[in-house]
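Per-chain numbering from 1; labels A, B, C and D assigned in written order.
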Amino acid sequence: MNKKILGIVSYPITAFDERSGAVDIETSRRVVERLVLSGSHAIAPLGSTGESAYLSDEEWDAVAEASIAQVAKRLPVIVGISDLTTRNAVRKARFAEAAGADAVMVLPVSYWKLGEAEIFRHYQSIADAIGLPVMLYNNPATSGVDMQPELIVRIVRDIANVTMVKESTGDIQRMHRIRQLSNGEIPFFNGSNPLALEAFAAGAVGWCTAAPNIIPSWPVALYDACLSGDMEAARTIFYGQLEVLQFILKGGLPTTVKAGLRLRGFEAGVPRLPLQGLDEAPTGQLQRLLRELDSRTIA
Amino acid sequence: MNKKILGIVSYPITAFDERSGAVDIETSRRVVERLVLSGSHAIAPLGSTGESAYLSDEEWDAVAEASIAQVAKRLPVIVGISDLTTRNAVRKARFAEAAGADAVMVLPVSYWKLGEAEIFRHYQSIADAIGLPVMLYNNPATSGVDMQPELIVRIVRDIANVTMVKESTGDIQRMHRIRQLSNGEIPFFNGSNPLALEAFAAGAVGWCTAAPNIIPSWPVALYDACLSGDMEAARTIFYGQLEVLQFILKGGLPTTVKAGLRLRGFEAGVPRLPLQGLDEAPTGQLQRLLRELDSRTIA
Amino acid sequence: MNKKILGIVSYPITAFDERSGAVDIETSRRVVERLVLSGSHAIAPLGSTGESAYLSDEEWDAVAEASIAQVAKRLPVIVGISDLTTRNAVRKARFAEAAGADAVMVLPVSYWKLGEAEIFRHYQSIADAIGLPVMLYNNPATSGVDMQPELIVRIVRDIANVTMVKESTGDIQRMHRIRQLSNGEIPFFNGSNPLALEAFAAGAVGWCTAAPNIIPSWPVALYDACLSGDMEAARTIFYGQLEVLQFILKGGLPTTVKAGLRLRGFEAGVPRLPLQGLDEAPTGQLQRLLRELDSRTIA
Amino acid sequence: MNKKILGIVSYPITAFDERSGAVDIETSRRVVERLVLSGSHAIAPLGSTGESAYLSDEEWDAVAEASIAQVAKRLPVIVGISDLTTRNAVRKARFAEAAGADAVMVLPVSYWKLGEAEIFRHYQSIADAIGLPVMLYNNPATSGVDMQPELIVRIVRDIANVTMVKESTGDIQRMHRIRQLSNGEIPFFNGSNPLALEAFAAGAVGWCTAAPNIIPSWPVALYDACLSGDMEAARTIFYGQLEVLQFILKGGLPTTVKAGLRLRGFEAGVPRLPLQGLDEAPTGQLQRLLRELDSRTIA
């Protein structure tokens, strides 16, 4: 396996048993398997899409273990670590390492706003506890923590095994700043679906996305076009899938991706309450979007 | 005991053992006791100030039980319920009821943004599970969920035991709207410290605040002045304590209130990591503010 | 005449001839007269409501002259000065002084954002050019310039004849800060209609408002209740007029106030293009609000 | 001359006589000449950079006439039209047409917020009054008017001679929406300097910029690289000039571009008060940035 992480990093949803509400490990493994077969370049279980925030510690551990086992070293596995307490974030990181993860992706989450020293120490504690590379993950919309490029670059510079950045604000200027502040030396990934084209233009090395769950070939095709430097083709492929990307982002990824999986004939249930399944009208809209997309060949 | 909730609703911090990091129940009880003796009109454990978001379920249960026991029916106890999953929020609400709480205060928190139907059902599930009155709590800055006045009034109207509102956006226009939409029939509390004076002017029936932990007599004095309709005195008392209120809000309540307790000679440790204790310079500033305040008599 | 400015400062609209589009001086004077007779404590022509931003220099001069003449020293007149260039702002201030104004109210407006030094110098140039007291006016929503309390207090401290502040952000915390930073020595006026009650509670000495054009007795009644310290009465009077205040603010003051004048039987035309008159549906809503208000006696 | 507008659209500053403050037509013409010789594909006098908002009508007319005369049909000239009143905006558009402009660029500006019907009618009135193509210009940061993509596309669809869009919010998603809503049929220009690379990736046909005043060859080089589809080269050329682009945007274009011209040995004075010239420290910073840039060859 190539341990180098780049390209399309795919985010599996976590399936729940519709009756008991318990995590459905078997189905969750099959979701992972679909992503491995989709041409993705890495798998990232327990991210935002994986509803990791809604799992108990026991459930979290089980999903981490099962996902890593399912990938079985065919691709790099990056396990998402986000926890309100540093202590439990460290515990999860250690668990992921022991279970065979290739890297962890750390998203600080907040109830009370965190100062820069608090964020730094959080990263330090987690990174020091493991031997794996750490991907710093900035996503203020879900986490309540916004790390400015200056802080991000400082963390990557000063903490040895924090080596990658995932930027999900959707603000391309953040990527510019990270590149400028690090002389282009920090590999950054884009985590905002509707920014995929421009992030590659700006030099992103990869795209972290849940889209491959329902439109597996399109993100990879965009990456390939960008890698080959074909701007025109990249643009066409991007606009071809943009409406789907906008749709799944707007409705909340666990909700929309699970609805999309059902439309794809793969039953993975609905998100955990208070999150609800996608309503009928938007489900119909998603169906139309997928049909349209399927009717086209990729540029 | 008067079960009617109004006036100064005080929020105890939760103490942790500095070495082990475990919850220090004994000290937490003494914090509650101080608030009971401060002249507060109700006690609200496990709120934002109580770092409830950072506790394990077992810890949460222990703090709920101990706080209710400590108050021992001398004042109404309102237990804060905020959990990412509806299931665990329901569990906590039931636990609080069984432990003898007089009411619960429910704050929906989000990782993925919640739609109105999702928020409504969350409240419905919790309210249906218990026989206690529920205080709806809106605090987007910490919870990531912003409930507009229209939604708030609908929830209070349609769910029988949701009977009170705590509004913490700091936007006085929200209170105006709640009053207008409900013809003045929904009792609302202010949860934004620097808005205390104006919220009372606008008709708030109470003020939910952690300030009594360190300046016990001032919030009560403001409430009394407002109750007696003495606008001039209320203004003087408000401005007298405003700088302290601004300070504790800006620095994060668990952090600043714990620093303030230490300055008051009451050792309650620091918040749980990644939250850190207050730095030296701002601690000195808080000390000056408290000295200044103590040197003045309340209007 | 009492030159001291406080209480209800009323803003006349500027009338245009419906056919020619020219300023209708005669009607504009009658609008001023109505405000003088309404019990207002001061008149402020050529404010935001007066569409001063949409007048040519010649028109502006004519309205200033006519308004001052119409008031005829019965009340203080505060002329609004806002111009993109300092040079023309100075010219207008001098004109207002020569025409007999008692004070000017200066709102910096921007196309390109202004730095603090630029704002300060703008005030300095205008204040130095005249002998009148200057009211500093902060209204970022219309002007594009937001002056923080620290800057406001510095300008008032350092420029001798800048002696009053009008704060129109609608953020009560700005008023708190101005009071704190100036030890309560700077008289501040509220310019946000739906904040009228709370601004008085916070210590505002006056309320700058266009509402007296259509509901003349209500603002004065609120001021009187606040002055007498009767919080309960003030609250009732405030909520009694709040819906009208919200309505006129939301629809744009020139648009809604002119519609309201027409409903009051006073024809003052519509605003200047691109601003348009109020549509039929909202006009009907305003009519209902005014009827409701008229049917009630002031507390 | 090729009347088709695309590529680098350059914005001249307007020069003022340092002593009298009057417009310096001769120097302004020489600024235009430099831009014509820089390789720009079109010239846009009286834009934001040209301080058109700060000119009297007479000055505006003189600059329009002189700029058009100076270009002398060598390149298309797009004259900026922004005025608070529709009447004067129409007058300016007619003047520009009579003076020989190839197109006008219309930016609605507001004191009172404009509704969609008001904005539409403003465009209609101007477009109907002339025979030239109109470029719709959205720049809420300076104008106070934000036109959503839906409105923009409707205006272009429904008003015959509104045929191009300049989007300056800096939000790439706006461009995506315009392209989606118009099936890629509306040519859009980017007006946000630090978005230049990504806007071309997203399909922009041109870049409206003041940068050619001080770094003439870099914007053209970026355009050429994008046109040839060479993503790698485009990225290098973009990051090569990005710091300069960020600098001139942040400090306000008239201020920074005039400082840059001086550093380039071309004396064009400072902006009109209240705008001030660039301070010494940032001027030094700009000098360093320009030297660095000059020391590099374009990719």
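Going forward, a contact is a pair of C-beta atoms (placed from the backbone, for glycine too) under 8 Å apart; a residue touches a chain by one contact, two chains touch by 3 or more.
Everything numeric here is computed off the predicted structure, so don't read it as measured data.
> Which of the two pairs, B-C or A-B, is linked by more C-beta contacts?
Higher C-beta contact count between the two pairs: A-B.
> Hey, which one of A-B, C-D or B-C is the same interface as A-D, over half the contact pairs lining up?
The pair repeating the interface of A-D is B-C.
> Centroid from C-alpha atoms only, then distance subunit B to subunit C, rounded to Å. What do you get?
It comes to 38 Å between the two C-alpha centres.
> What whole-Å value do you get for the distance between subunit A and subunit B if each is reduced to the mean of its CA atoms?
From the centre of subunit A to the centre of subunit B is 35 Å.
> Send over the residues of subunit C in touch with two or more other chains.
none
> Counting only chain pairs that touch, give me the topology of the graph as line, ring, star, complete or other.
Per interface graph, the chains form a ring.
> What residues on subunit A touch subunit B, complex-wise?
Listed in rising order, the residues are 21, 48, 51, 53-54, 84-87, 108-109, 111-115, 117-119, 121-122, 125, 141-144, 252-255, 271-276.
> Flag every residue of subunit C that touches subunit B in the complex, lowest number first.
Against subunit B, subunit C makes touches at 170, 172-173, 176, 179-180, 184, 194-195, 197-198, 201-203, 226, 229-232, 234-235, 239, 242-243.
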